[in-house]
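Labels run A, B, C and D following the written order; every chain starts at residue 1.
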Amino acid sequence: MTVLDVRDLSVDFATEDGALQALKKVELTVPKNRIVGVVGESGCGKSTLINAILGLLADNGSVTSGRILFEEGQDLAHLDGAAMRALRGRKIATVFQDPMGALNPVLSVGRQMRDIQYRSGLSRREKDTRSVAMLRKVRIPDPEKRLAQFPHEFSGGMKQRIAIAMALMMEPSLLIADEPTTALDATLEVTIIELLKELQQQIGCSVLFISHHLGVIAELCDEMIVMYAGEVVERGTTRDIFHNARHPYTRKLLACDPARLSHRAARLPTIPGTLPDLRRRPAGCVFQARCEIADGVCSTMPPDAVVTEGHVARCWHTSEALAVEATA
Amino acid sequence: MTSEPLLTVSDLRVQFRMGGIMAGLSGQPTSIEAVAGVSFSLERGRTFALVGESGSGKTTLARAVNGLQVAAGGSIRFEGRELRDFSKSDWKPVRRRMSMMFQDPVGSLSPRLSVRSILAEPFAIHGLSGKDANAEVMRLLALVGLPRDFADRYPHQLSGGQARRVGVARAVALDPVLIIADEPTAGLDVSVQGEVLNLLNDLRDRMGLSLLIITHNLHVVRQIADSMAVMYLGRFVEEGETEAIFAAPHHPYTAALLSANPEPDPDKVHNRIALPAEVPSLLARPSGCEFHTRCPFAQDKCAADAPLPARVGASLFTCHFPLNPETGAALAGAG
Amino acid sequence: MLRYALKRLGLGIVIVSVAMMMLFAMVYVIPGDPASVALGPRATPQMIEALRARMGLDQPIWMQFLKFYTSAFRGDLGTEVLSGRQVLDVVFEQVPFTLALIAGAISWSVLLGIPLGCIAAVRRGGFVDRVVGILSVAVIALPSFVIAIYSLLIFAVALRWLPAIGAGEPGNLKSQLMALILPSLAVGLGWVGYIARMVRASMLETLEASHIRTARAFGLSDRRITYSYALRIAILPTITLLGVGIGHMLSSSVFAEIVFARPGIGKLVYEAISVRNYPIVTGAVLVTTVFFVVVNVLADIVIGALDPRVRASFD
Amino acid sequence: MSEQALIERRPLTRLGGLGRTLRRIMREPLGALGLSLVVFVVLMALFADVLASYPSTKLSPADRFQPASWQHLLGTDHLGRDLFSRVLHGGRIALAIALGATGASLVIGIVLGLIAGYGPRWLDNLMLLLFDALKSFPTVMLALTLVTLTGPSLTAVVVVVVLVSVPGYARIIRTQTLVLKSAEHVMAARSMGASTARILAVHIMPNVIGPILILASMDIPVVVAIEAGLSFLGLGVRPPMPSWGSILNDGFANIRDSYWIVVAGGLPIVLTTLGFTFLGETLRDVFDPRLRGRG
């Protein structure tokens, strides 16, 4: 059973220099009770994807094709504001990247946690009891006292824990985590990842986890998609992709991660070239300009080639791709 | 000529004043020690990395070495001269020999100057404009692998990686002997991080530079640094050869940092050293070993007595109950 | 909170002291001797000398300064040269009239400005937003004395709807309110614009903050987000603006009082100038300055009560 | 960093060529109106000698209290002077004072702001205190005190304007300088050994000057209003020199019978302040949307 099923999703932004296609034919499935990772470098469209799912695209952005099917088949891409709002927070919860700005600075943490339970019909005291229980779950020490405190009185790591507590309080079926650990130090990052994993199993929700950090994705996610310039270039189980990547970009990206090198290298691998201008996308494969195995056929749109069941790469040359390594 | 290291820092301290008169009257501490007695030395042609999490004092230490931050105590010897009591005019010639790169690739370039003016600035500041400035700019662009027409771009028109290359070009403009680089790969995608580190490594080899790298990214350290130090609350908890520390960390904090790096391998089984507690405030430093509040191996002694620095092989660390004592002993025996 | 309030108050006292110093310095530095100014061109040197002695001007500067300070903090602003009355009494007689004027102006600006700003922000880019935008810029641009004179011309002289002069009959609240409408509008109209614009701008800025995105992601209603989560933050700069605005309103009230022949501090000072009644001028300036500083201290305290970050930054 | 942020990363206040600037202003209805009004007012003042058919101070007792007519476009005042001529010549004085006083305040404000922002902490605190104290005098009260002591004059008007506007400019410059002082590009310049003068001139000034110029352009109408206001109170431009404020004053005394005098005095003030404000607002929106709602 799937919780989220994104089909053929394209999103355009109107800019002064013409339409910018931020997402092109994105395919993504989040099965029930699974953690799906979205990985990609800056400009790959990760944030646009989340905003499209949450119905929070900027005013100049619009969904030009595709569907975002949620649970029983509601299409989030074409849901009206009220229906979307009814899902947000209750069925779909979100944790954002910036722990400093994610909480309202002039309202106490307790007040904010109470407010998001407005649909529960509980009394104020019952709401607070639930808030305390939730804060305890994310290991905030002394939660009763801390309810009355304001966000600036918490450290960055604690704020992110509070954000997670708030997101999971209504036991949503989908948690979207947008780079929740990027702003944190490494020792905090691992505790947050472990906390997320633990709570996900407890609550039994699905998670869509966005990160640029391959190690975090490898550790946390069951399945993943790799994005480049607004397209999903490869998707499959985390194991498939880390051990048997078939898109040249994925292979290069994996090779670039210095964490994969167990010894000091004479030269570190890189991916020469730059992202294409999303206002003037190349015909065909979006990665061809930076790909050494690209040939004539790559100037036509590549198919979503099936490597094995559930492992798909958007490339004409999935077999030749095995030879691709990043340029050192 | 004696073989004095290029840079020797001993017992360096940097303090910040906190709060106002009111805080002082109410008995709160009025200053914090962001760098609390740090010593290390850097040989010519070598790379030394300072590692630590946010608030560990690594950036402050780098700025103190560069004279941007006034040190409260200790000594900084550079090319055989003591810099600590240098006046502003004494510092100026030193700045030709020692340059600094800052964290934000774009933000460290003046937003209203073209790349040409940015690269010509070091020459103008040091009265070297007699040289053909344009030729120098072109030479520098070529050195860092940027096309000539980048001279007319402005910082906001550069990508992070390109801006970082301009920063590197500016840092090497006056043929320095030491470059201090604060988080040279921060904010860059992994595919670009490699480019920058390769460039720094190349330039070090070609120009005989020494590098002082400040970073929180241990992978970067491993790829670039010969030796390293781990900072916690403004002090070194462990210092030594990079390979030795990666192979066998002695201080539990070093081990925790190393284990906290999620590896891109889904089949990897993690043996993590978790640090559940919060980082203590510099206003209320813990007693004894300052790491004991977060240390999973802490014993009674750790809260009571501050450990003295211990040497095993080339590594120096401050811990009562170090990890890997046998490897350490073996190294010591071998040495 | 108490500590924060005390700190703000302390700072206020320091500012008033410095302002007094400036006032004293201004009087001392500027060529022209208060005594001869007071007596006019036909005074004999003996008369000036006598008055100088009476005003204490013949003493050394530091003595004068000290006396000015100590007596001012006791509430003694000296005596009026000609009538011999206490300056403070003369000024305080006029305070209620000016206060009523300022209160009226603030009511206009708050009651109209905040709702208009909110509506403009929520309907950003819409018709109401555009109209409010242009009108608020226009009323900000127009000097208050021009508004005063033209509204007098239109509503009092031509249409005769409202009284042209005075502050209304004593004891007759209705007549007093009628007499307040035009002057307070002249003083407050520009501030309707300022406040509408400020509320709109800070509302838009707040609505873009990432914590508002969080609130939306939790499915809170737009109403609650706008009026409970965003307005609470957006109102803060407006309070600061109003604090500063009191100073401008005090300036405008001088014109309004003169144009509408209303009693008040502005009119008092203006008339004191024409007879060169110098102690009244400095006394009234001092009183308005203290009033301004007190209002701003209060504004800061209100902000501190509403914004925990401000309190924290003072600890 | 999100894609949006990457797309929108552009410098603040980049002034393009004059032609492009003008086109962008004229594209906004409010900007077009503002620019036209400003050009109109400036031209009227520049060519006052050509356009005015009477000397501005010529008394003509026979023509007292004439309503507007073809001979006297705006009528005459209680001394029979032609109001149209007085308005034109008054415009010269108003604009000259506005430009002069704003320019002077700007220069002083920028210098003091840079000193406060970049100098030592104690100096910053001291200057802030002085600015706050100076700002705590209501403008007109300050003017009244000053003029009581010096007597009415043009210089007094300029001094008042400088005293009331310098703290504002200096504070804005100071705050931005303080932010830039710890910005990495300034740290980088320091680490290269750049002198303080060079840092201020090359790395700080160019980044703070744009917004302040726009704010100053929006202050021109405020200065026009201060001059007119003080002249209205008889504390500014001294008769018989023409000033919009003194025309208003003349008219106010006769408001019940000769309404056109106050109309003649007020109209140019309204047109000038609206024109400059509309233009300034548009400039700001075009070049620096982030400043919206301030000042």
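Keep in mind that, in the parts below, a contact is a pair of C-beta atoms (placed from the backbone, for glycine too) under 8 Å apart; a residue touches a chain by one contact, two chains touch by 3 or more.
This one's a predicted model, so the numbers in the text were calculated from it and none came from an experiment.
Counting hops only between chains that touch, chain A reaches chain B in a minimum of 1. Of all chain pairs, the one linked by the largest number of contacting C-beta pairs is C-D. The geometric centre of chain B is 50 Å away from that of chain D, both derived from CA atoms. Between the CA-based centres of chain C and chain D the separation comes to 21 Å, rounded to the whole angstrom. Of all residues in chain A, those touching 2 or more other chains are 42, listed in ascending order.
Those residues of chain D in touch with two or more other chains are numbered 1. Residues of chain B that touch chain A in their complex: 53-54, 159-160, 189-195, 197-198, 201, 216, 218-220, 222-223, 243, 256-257, 259-268, 270, 272, 274-276, 278-279.
By the touch criterion given at the top, residues 63, 66, 68, 91-92, 95-96, 99-104, 107-113, 121-122, 125-126, 154, 156, 167, 170, 187 of chain B touch chain D in their complex. Taken in their complex, chain D has these residues touching chain B: 1, 9-11, 183-185, 187-195, 198, 202-203, 206-207. Of all residues in chain D, only 30, 129-130, 132-142, 144-151, 221, 225, 228-229, 232-233, 235, 248, 251-252, 255-256, 259, 262, 266, 269-270, 273-274, 276-278, 281, 292-294 touch chain C in the complex they form. Interface residues of chain A facing chain C in the complex, by the touch rule stated above, are 54, 56, 85-90, 93-94, 96, 98, 101-107, 115-116, 118-119, 150, 152-153, 163, 166.
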